[in-house]
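Each of the next two complexes has chain A plus one other chain: chain B in the first, chain C in the second.
Up next is the complex of A and B:
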């Protein structure tokens, strides 16, 4: 929801840093924007319609490129599969004009549409429905087992919005513990309240460190969510600075969610400093919620003045225990009988023992339904066996299998590396030592001894698979070789193979 | 009359040769084995296309195991599925080509035919491209087309800055946006360890391992026979039919159909000739000689890529004089793989250079592979040259030239790691190490043509 009410139009006009052309565009576009805020912002089609109506183009002073397109330039745009409904009325745009529209936020990005309708819900089997419900993207309206954290964040944000002041909060926890889902859930609830006028209206902005190419792009993204326009980061920075530092009547509270905070930290830390400094200004009314993985990030990575501004309002999301994971999965399944109770429990216990990652548990459950689906047409239910197979697929490592499936000489080479490690007692071996071991073992087993050149090829092949770690073959006999699997794995893989054959 | 018959036979043979070569080289879509893995990947892609499910998967296996062929085969299978062809965009990325996120992102924008791309050119900066792509994917939903991202050499994408591309692709696959399927292909078994923890959490941990089925030589022999035998006309037509349907895949980066092996391309091979060929082949493969040679290859490398390479060279030897593949040919070729190239290189050296190598060997044997420089070796060589009748009057500059020749042949390698420090040392005093085993030198001395007896004797013992 990009609301333009907070755009400090007056301050832009006062600006003397801004270039003239950009400044002009700002003024023009911000005018219709204000009217548009009354519309439902989610409705993309309506948004587009408005962009292309002739009425708008009258309002707008014809820029140079527009004039050019109507008079001289023929259309060079290749026909796109996606077309806006009213596109036919306007002359087709050249790519650079289109880019200009994209930068101005007037052209809504869209994906190509399917030719047929997706499958109806009614035609799906129980397992298919369960699989859909178990997908990580299906976020429930209320997250189970995160009620306390929800309360905590809700109280913080509601208080800040009610008081009309700014503040910061730091949320941490390992990946997959429901941080982002909880925070967005809180904000959705608050937005619903604001709509019912039980709470003062507020704006919500959201950036993610990993979605930016560099920390400074944060300014661009924030400004884009405010106005819809894409400008350079310097410009965006100065505009945001102006917006947050100059007092303005009827300024609404802004809630800014910063995901993956550690990526925004660079050596200078100017971006993080700015994001956390604005809430301290009385004019800003900015509430910043930051999310990251490590608990001690502020102390470890950030400078003192940044840590000080981040404050001590912190919240840690603990990894899910097996009981909680079980509850999450059963909540997703609803009343469906697709899963056996003990199957869910097995998944929950296995995942909780490793990482407590909800995504992992849901993915394993989903894989189990696929296995059950493929198993036979009659099976309507996921049993322990299916879950066990899924767990074996998704948690187990394949190193032993890889060793078993090596060729004979590769197996001899691996044995030779292990033997050389045992002989010298050091982890790191050189190719020359290994090659003498290869000669010995091959002679012992009655295999043909490969020439050093071919042994180097074996070494490179095993190195590509990462069964061993080797240097470049340029170093020839002197390259260093490390074993990347444990020697026990090699013995196990080769012994067990001998017995079975 | 007999001449006409010969000509006819030669033509038929040329046809067979061309057919076999083309099948060995350019058959990108036929996969042998891997039933389970194939159906697993196919079902995943099918669900992505039909139900709009978002998924991610890693295809892992050693080099030459048929990972790319598996994907190609699955796509060929899905060509018949109308809803797949019409509702899916395929985006193909390669870690070797798309060396950073910037290049990869441009390629994605082009292949998805987004609004900010036109005629192969992408507008806007890196940051804008990323933002626009994410907006597009976010705007999509169940009604939009599914996108299948194929990331070959997946491990190289992990080396990109912050793993931004991977994070965003996996993140889209785990949130309620346009349905996408991320299919990574790599040969590294431990590739998951390369992912950052938040990227790892978003990855669905489905891994399909492709290991060439080893264990039995019989399977290998059957595979050889299959690759060399001439198929029935009926199966040729079926394959050709399948190929024609490949053009339905609409993707700019994926050029499966282009220059693909087309069995119906050449003229047909007449049935009696085919039958004769196949029986001869079968007989040949049943012999002990042939099996022993193939066992040798199989012991070294079980991947099909290696086998195909070998068979291609074998097929290239088909001549009208030798119209069939014989066990002898097989053996000679296999022995070629066995032999050591460095010994060939040693046999091509002059006697003086070989003498230097022998002197180096003596020095290494006495001092347990200590590094040496020119002066040490020259002293050792002069000791020999003084008493030898053939090597007297050897000038120092000529020996130094020979020493340098050995060095650029990389038979001896400089010890120093940093090249800057070695520049200060005079070239006569620079430390070197020997890049040969003693066994190799021994063999070279034995195989060297017309080696003076004195040198051969000196090679046996360092005492003069």
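Up next is the complex of A and C:
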């Protein structure tokens, strides 16, 4: 149940939970999803189809936009208004009854279905299919270029599950290097093996530090994944403590994946301590896999006793090299001819030089398909030029453009700041010094000098655009001004502009 | 478990080297004896006492006390309570937890009611109470009222309480509980668990391995090397067991790889040779010194890994950033380098090399990524341009390992980029 969110109880909006009760098997009550289905009977089987067809539901993680829409959009559920009375036998619930059912996990949160059916796969163009394949959320069944790491984590987890003892592992690496995808891939493989009885069965829990409003909410989430009930964190903690410290026969191994470990570290570090202390209890049979970005997080942030419990089984995911990125993108594209080989290579090289982040490469490729799609030439293939345009959009900065688009006086002001920096040698200038420079430059150019009050306005505007960093203008003449763009950029922007005009 | 594959010795060794609790504690005989004496002497005289146990993480403090808590010798004469102070909701909630452990009836719901209930219980209890508070440094606050209240319980009239506090720092009672020194009867007795020595770690390994009869996996010389290294650095037995387990895992992995290779070869061999070779393969190879040394190097060597790190899978722009930083550190007097200044120089370096330079926003992201490797640290300021960049690794070493590479070496000698 990935839908479980670390939201505090109050923010659960009643209107978001479309009624969908979990019934016992013998009760045959069909919950109407939409009001329309009742009225138009021939719509019904189409509706049935919808439960299977929606492409989006295949992807595991609800993407942000989808999640956002559930919380922000005040759902004007017509279904609710109509369906509640139509139930007949079931009395309408008061809000507190509803909250009770939600907390007990008896109502599963459902989302409103779209009214029209999603597009057929066969009617999509080659570029469109490539674009869908390149989406970051489409996790391939086997990750290319992460075989060694897969092997490593697999050996660790398999050993722990077979040995029936607990342990910890720390996985680190910069964002977008396939950490979470690899770990969940390993766990999926192990689950498949356990299903075929080639491995002892195990339970799998996962939490993500970023999805919790507070570190201690981790207890709530873990307990919720074990039983489905939502309880307060104190209660959840004591129940978990009981579960992990008292030996119970036929206790199966539990694998707990903790993503974004650094968010769970507060000053007391009690949550991380507990999460890493439970595996040391022989009754727990708990295997904790922790994921974070920083390589030296245990030494840098965690207390000595926590680091000691975290152990030395560590694995670092290196950033992807350009060859690996190329392989990843080509694997995504399958046999499709939508991309020129050299276009993929250019993306891979540019991204590998900066961060080695696979998400970045995929995003740039997707943007390239969009540009190719929008291209009036109506091409079916992404070429180098499209990729270059996408790269310029996604990597290049717009600062030079912003300076060029400034008004004449603002440009003079920027020049004056740069001149003042060169004159004094210190990066930080005062408004007074800059204003003198403005006067000089304006006199040189023959432009009218703005009064200091107006110059402050210019200064505030440039500060809001973040071309300079300035203090509040109440310190008028004595406020400090810092240049937020490089002086070269200013000269480049203004000189090139002059030549062309 | 038996219904799955038969287990080999590596797997048995791996299982027995786990860092969970055990029954026997070699290397902690003295401390156990001392604790036993403390308990029995107080039991016999029916007097209260407090004890503060300190020691580095992984020196067996909790293991010793939980062994004694399970000891049947004390179970009849003592009521035993173990509380881990990291698992309480807040500092004041420790009373409530203690009440629920003692199964006391409390009239009110406030902290004070719970505290009074405990104190009433202490005065009138039939049995002597042994209270063990683990990770007691979590109870430290600015006024220390909770810690003082707890450590003053042994002096309550009529109370018979044995109080044991466990923490890491040696001087917690001197630092946080100074006022207890004013009265001799309140002063907790101190007991320090020293880090394990080399010989003790060897003993621990031997006893663990003997438990599953897999002593032959580790030849003595490998144990000596491992124990010497761990005791020289931390003396933390969790670390030692971790390293031991790592070694076994790697040995197992290598053997498995060897088998794979062997199977490939076996396809080419014919009947008799095959049998012979198979026998040879099945005998278990003990762990080698080189394998142990490799694991130790990986765990304890930070800058040895640097060269390998920079060589492969280090993005070019990050390399350039690091080079620029080293260049500035070596050639400028001003060691406090802001991202803004670093970016200026970096741009000049890039334009000389004809490399497309990143703009400031992207550059700040690059610096962040290098920070996750632990090479540098960023001191955050109000503006991203004013963040300070500090090199965390040894400058000489970084310079030495950077200057091996051609491109990088040319940058490091190019002081004209500094521009002044």
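In this section, the second predicted complex is superposed on the first by the 410 of 501 C-alpha atoms of A that agree within 3 Å, B and C clash if a C-alpha of one lies under 4 Å from a C-alpha of the other, contacts with A are read in each partner's own complex, and residues count from 1 in each chain.
One rule holds in what follows: contacts are C-beta pairs under 8 Å (C-beta built on N, C-alpha and C of every residue); 3 or more make two chains touch, one makes a residue touch a chain.
Values in this document were obtained by computation on a predicted structure and should not be read as measured data.
Peer 1: Does the superposition put A:139 against chain B (first), chain C (second), both, or neither?
Peer 2: first
Peer 1: On the A-aligned overlay, A:281 touches which partner chain: chain B = first, chain C = second, or both, or neither?
Peer 2: In the superposition, A:281 contacts chain C only.
Peer 1: Can A:92 be said to touch chain B (first), chain C (second), both, or neither?
Peer 2: neither
Peer 1: Determine, under the contact definition given at the top, whether A:399 touches first (chain B), second (chain C), both, or neither.
Peer 2: Touch partners of A:399: chain B and chain C.
Peer 1: Between chain B and chain C, point out the one touching more chain A residues.
Peer 2: B
Peer 1: Between chain B (first) and chain C (second), which, if any, makes contact with A:293: first, second, both or neither?
Peer 2: Both: A:293 reaches chain B and chain C.
Peer 1: After the superposition on A, what does A:111 contact: first (chain B), second (chain C), both or neither?
Peer 2: A:111 contacts chain B only, not chain C.
Peer 1: Check the residue A:464 against both partner chains and state whether it touches chain B (first), chain C (second), both, or neither.
Peer 2: A:464: touches chain B, not chain C.
Peer 1: State whether A:484 touches chain B only (first), chain C only (second), both chains, or neither.
Peer 2: A:484 contacts both chain B and chain C.
Peer 1: Under the contact definition given at the top, report the residues of chain A touching chain B in one complex and chain C in the other.
Peer 2: Comparing the two interfaces on chain A, one with chain B and one with chain C, the shared residues are 174, 293, 355, 395, 397, 399, 484.
Peer 1: Under the stated contact criterion, what part of chain A meets chain C in this complex?
Peer 2: Those in contact with chain C are residues 155-156, 159, 162-167, 172, 174, 198-200, 234, 237, 241, 268-270, 273-274, 277, 279-282, 293-296, 299-300, 304-305, 307-309, 311-313, 318-321, 352-356, 395-397, 399, 427, 469, 482, 484-486, 488.
Peer 1: Which chain B residues qualify as touching chain A in the complex?
Peer 2: Where chain B meets chain A, its residues are 39, 43, 50-54, 60, 62-63, 83, 86-87, 89, 101, 112-119, 121, 123-124, 126-128, 130-132, 134-137, 139-140, 142-145, 162, 164, 167-168, 171, 174-178, 187-190, 197-198, 200-202, 204-207, 209, 211-215, 296, 298-302, 337-343, 410, 413, 433, 435-437, 440.
Peer 1: What does chain A use to touch chain B in their complex?
Peer 2: 44, 76-78, 80-82, 95-96, 98-99, 102-103, 107-119, 128, 131-132, 135-139, 174-176, 210-214, 217, 220-221, 224, 230, 260, 263, 293, 355, 357, 359-360, 363-364, 366-367, 370, 374, 393-395, 397-399, 401-402, 404-410, 432, 435, 447-448, 450-454, 458, 461, 464-467, 475-478, 484, 501
Peer 1: Touching chain A in the complex: which residues of chain C?
Peer 2: Per the stated touch rule, the residues are 1, 4-5, 7, 11, 14-15, 18-21, 56-58, 84, 86-87, 89, 135, 138, 168, 236, 238-239, 242-243, 245-246, 249, 252-253, 299, 312-318, 340-341, 343-344, 347, 358-362, 365-366, 369, 371-374, 383, 385-386.
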